[in-house]
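Listed next: structures, encoded as structure tokens.
In the two complexes below, chain A is the common chain; its partner is chain B in one and chain C in the other.
The block that comes next holds the complex of A and B.
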């Protein structure tokens, strides 16, 4: 187990190095000029800017400096927020994205498991048909539409009651979190419902369930210990990438609900060609994704006795 | 590792779809389905219900736990609503996080808007748009330089007086090459500023001197007629040296990393989430400031979200775009509009060898253009005005507006003359057919509508093929700079309140003249406008520049940009302007009669 963990971590570091290098190359190959602004800078002012960001040096040397700083965990200064370090930006905004992400994933996982079990139980009958229809809807409708409809719903809700039941946007209190985390988690929940449903259907017909019933185990115990526990495994498998996807993919929801998450800064940086922020966040998110996949594999070894980690 | 349970189609990032459920399902249906009537199903249903209850409770607990943690990163917004009479608070939304509250480095409108509320330079614009004394109580400007006398009661937010040295330090910092300020050029009228910025002289050589605490003397590089208007610009704000140095490069990066001397101070700044301005109790003119708090707990560029906030009474103002304008009309909101001072136009590539360098071709395009049709039929947003000249209608002339004193020649569409010009152009260029012209544009709904309109117009009237090249903003600028286009949809917003902010755009030495237009006569007129001190001579020069741009079809003016907004009827005195903080809440107040 220990050796396996070390091996995976080393692999992870190589992956992250690769991500960092690929981002660096892509960044310098992409057309456009990060220092361009509506007001054209004179030669001299431009030179001053290039010097400040080290863009006047040869690309290989820039790569060396970038890697050296990266190994020290220093992502440099933002091109657009000129007095802020990229590390500060990640440090201040990632917790917000993470909070939103955790809530959404918990919401999605709980909902997915519950709805999935329910639809399996009522297979091919009305509740199943209705829920599966909604699931297809939730998977197909893009998040910006869900976000906009969700927010409009809040406006209508508040005006119906005549006072603020839930705030329309903003961040900082309990009431601010509910709507965005549900909106963000909806798609994943729908996906997990389908996953849970098919895995549950497979389990209820397995031999060991028949054995359990033949033994005369109490039904509640069969459901909880034998069916649910086994059916949940595929859900846990996709949870790792899903956490990363939700934490990084909340850009639209963050924008619509005015939430200061990292996703927003990431997308804005791409639009602004803010080299340092793009590279910093990409490497950070890359490392995060790699780490989550490793964690899920380790968890798997713990909860599934058939998997041994070597 | 035995990895039997990891289905590869689930572990990738785009993990929606590709479910092989139907196969599983068909296999299952062959055997046995769950009979919901039996005891197992009932038990399972009970368990699911129990789990659901536990799940909801757990979710709420988790939310509570996380909300404790997120108090540090959030705004706790929306407690007071759009306006609050008791605490004299207004709540509004910001469209972007201000990159920095540092006048020496700021370049964007949001930063300058906040700076306009929390900082003050030597002079400022009052509610009616006239220059008014600010830190300077009086001033004298002549051909060689200027002198400003600072008021005694101008204080920093920590109580120390604002002195002439704070201006000297700030201005030296702006032109210092190490600062890499993009707005350094706006200081070039000051003696040695350009040389310092080009590393030819040390920063101490800048022609600005503090005579004691309260007298600031400025030497000019060359005579300048509008220096009073320049010092009202945010880049000319004071910065106190000891505070600036104590922040070690983080000046203006956070609320506590900034020292204020304006009508408001920033009391809370949570990046990306919340900016809160409170009245500065040490501001010399505090009695004129009637709002106590300007709270900005929402930062989002999504106009739809801000309109939703406005609709639910959470913010006092929202900017509208075309889609929400319809909603606003239907709901009977009182829609306001103003002109934000920028002018947009088609700009040509004049580099040698380019087809658009041909005068007759440009004339042909000019003769079929109709900015009135563009604005009224294609853009169709209130506030937008058809442009007829590079110089927008709001600019002041000698006595009246520049537009009234120097009305631009009106080009009425004349398709026959246009076709004649096009034939001439073909002859001059030695071409049977004009090859497709590349129209470079940004990628936004508004620019898309326009570029398609131009494509259709030039095809319909002149049979010209237009190839639209849509790019993100930075890439459009890069292509303009490298000359990779024939026609570009460009625009310009003013920096200071003088026609020169537009007038020198097409001077051959101007880096913003990205089409490389070169006309010695225009250059000569720009030099007159730059160096003359006589208002009439200067305005005559601008009048001539305007005529050259029309005669030579250097640009085809499209529109003067408008803004459409809704504003809470209880909020009064908000100033919308072309130059400076916009919108400006410094003189805003709450209308008690509507309480």
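The block that comes next holds the complex of A and C.
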């Protein structure tokens, strides 16, 4: 277990190094240069700025400095926001994205497990058909459309009641978080519902369920102790990729609902070609996702006794 | 034993006659693909999706030949116009606009009421058109001037009166002509009296005015709605260019944009998966076939590429490739998608190849003297085709999503090239007032993706070997 953890962590670090290098290469292939947007008014200012950001050194040396700084957890200074460090930007805005992401994951997982087991229990009957239709619909509608429809719904809701039931946009209180996290989690929930349904259908026909029924266990106990606990396992394995889908899907929801999260910041940084912020955010997100997958794998090994980690 | 004892009958060496079975009871032999296609055709959902997809393809390819309106042509008279399914919008032909001196009336004698009362008898001087709206009202005693407001919703119940249009010269001028940026819709005009100190009275008279689109004959010719002004006389109605699905916020025809947008979305949605799955097949089958250290190394590289945060790197690569002036940005997106997406089909194919390599028929074929290339191209790749086909159908909707997402955040195709995603992006800004600008592209994306998903489901079931031979 310990050896496995260490091995996975080392692999993770190498992966992050690869992500950082790929980011560096991609950013250095970008046409134009970071000082192009008229900040370097004269040749002298330009020289000073290049000196300050280390842009006049050879690319390999820049890479070395970049890697050295990264290994110390220093992402550099923003190009467009005066005297703002990328670390500060991430520290300030990532918690917002993370809160939103955690809420949506919780919503998606609970909803997926609930709907998935419901459809399996009512297989080929009305609830199953209705829910599976909604699931296909939720998978087929882009997140920004869901976000827009959600917002439209909130506007109508607020205007029919005559007061603000749920705020349409913004961030701060729990009521602000509700609508965006539901919108963000919807696609993942649909995906998890499908997964839960198929894994539940497999479990329902397993021998140990027949045994439990033959023993005369009450149906509620069979469902909770035997079926649900076993059927949830595949859902947990895909939580890693689901977290990835939700954190990146968060871009749109943050944009539409005007949430000051890191995703929105990244999009803005790209539009302004803020090199350090783009690189910092990409590497940070990449590292986050890599380690989330590792954590999910480790957790899976702990809760499923059949899995031996080596 | 002598040879003389052996009697050989020459007849015994004749080829045997093929004996025909008196009765044959067997199902016709079905190949894997025949069986799969039969099962697919029996799946109503998959077939319905297939019909929708063919319809979409026709809409994309043949559409622009039928509906010959440019996707970038602006119709500034019909901005954000809702869909008009039946008749086209019309405009009334009026006489050229003549200056209007206005109406003056002496206020009735007497002192001004304190506070001032509301204006009475607010009415239209002549029918309201987009050429101008002329308002008249009765004078009040002791009024210094009147202020006229215009609003696009009912200012009743204490809501704002709207845009202050202007003030009359004095209490005797009891009319106002509004020619400011009129569109065919309902306006609410409010008139408020001012007392001698220039203070507005708290009460107002409001008139709702439905405005009719109107042009003079010369204007109609100038805008290209009519050939010549000779046959046009005042009171006639003239047809405006038709926009069956309405127009967007710049007055561009939505139907034409949806067709051209479909070209972008469908092109990327079909070509990118085809490209990266092709690369995946080559890479995966090489890794799976060679095996050993090379396989490990190749798969490690694939794992690295898979670990890259997809959407962030899509954006990074897109800006890295850059978009030159006048380019649509489709090509960089294609390259970025291919660069980032090949590992997943490669892994899939490798897994399949590893499995197939151990199958009995491969060993049999090898014993019969088959060469490696023959094994790969005749046995291995055809046997992975089913899995690859399913992967392809599911890759298409996800690529369409990615394109839409990138265009939505402004990182996709560059204007004026329309794509469904960028149309949604534009539509979302006017979502509250003109929902059709968002609904149409969103519906097209959703229906296409839905059809691909359902078709993929059907295909997966049809190609599943475990389902073989079942109805």
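One rule holds in what follows: the second predicted complex is superposed on the first by the 303 of 310 C-alpha atoms of A that agree within 3 Å, B and C clash if a C-alpha of one lies under 4 Å from a C-alpha of the other, contacts with A are read in each partner's own complex, and residues count from 1 in each chain.
In the analysis below, a contact is a pair of C-beta atoms (placed from the backbone, for glycine too) under 8 Å apart; a residue touches a chain by one contact, two chains touch by 3 or more.
Note that this is a predicted model, so its numbers are computed, not measured.
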Touched partner set for A:273, first chain B, second chain C, both or neither:
both
Looking only at contacts as defined up top, I'd like to know whether chain B or chain C touches more of chain A.
B
Who does A:122 touch here: chain B (first), chain C (second), both, or neither?
first
Which partner does A:152 reach: the first (chain B), the second (chain C), both, or neither?
both
Taking the superposition as given, does A:31 touch the first partner, chain B, the second, chain C, both, or neither?
both
Check the residue A:107 against both partner chains and state whether it touches chain B (first), chain C (second), both, or neither.
first
May I ask you to decide whether A:22 touches chain B, chain C, both, or neither, giving the answer as first, second, both or neither?
second
Touching A:286, do we find chain B (first), chain C (second), both, or neither?
second
Could you tell me if A:251 is touching chain B, chain C, both of them or neither one (first, second, both, neither)?
second
So, A:138: does it touch chain B (first), chain C (second), both, or neither?
neither
Shared chain A footprint, chain B vs chain C, residue numbers 31-32, 139, 148, 151-152, 155, 244, 255-256, 271, 273, 289
In the complex of these two chains, what residues of chain C are touching chain A?
303-304, 307-313, 315-317, 319-322, 397, 401, 404-405, 408-411, 421, 424-425, 428, 431-432, 435, 438, 442, 445-447, 449-450, 453-454
Would you mind writing out the residues of chain A in touch with chain C in their complex?
15, 18-19, 22-23, 26-27, 29-32, 136-137, 139-145, 148, 151-152, 155, 244, 248, 251-252, 255-256, 266-267, 270-271, 273, 278, 281-282, 285-286, 289-290
Over in the complex, which chain A residues touch chain B? Could you list them?
4, 31-34, 36-45, 47-49, 51-52, 78, 80-84, 89, 92-93, 95-96, 99, 102-103, 106-107, 110-111, 113-114, 117-118, 120-125, 139, 148, 151-152, 154-155, 158-159, 164, 167-174, 176-178, 181, 187, 191, 194-195, 197-198, 201-202, 204-205, 213, 218-220, 222-224, 227-228, 233-234, 237-238, 240-242, 244-245, 255-261, 264-265, 271-273, 289, 293, 297, 300, 304, 306-310
Chain A partner contacts - residues on chain B that touch it in the complex:
1-7, 10-13, 15-17, 19, 21, 24-25, 28, 31-34, 36, 39-48, 51-52, 55, 58-59, 62-64, 66-67, 69-78, 93, 97, 99-100, 102, 105, 107, 177-185, 197-199, 249-253, 257, 270-274, 297-302, 304-305, 308-309, 311-312, 314, 472-475, 477-478, 481, 493, 495, 510-512, 514
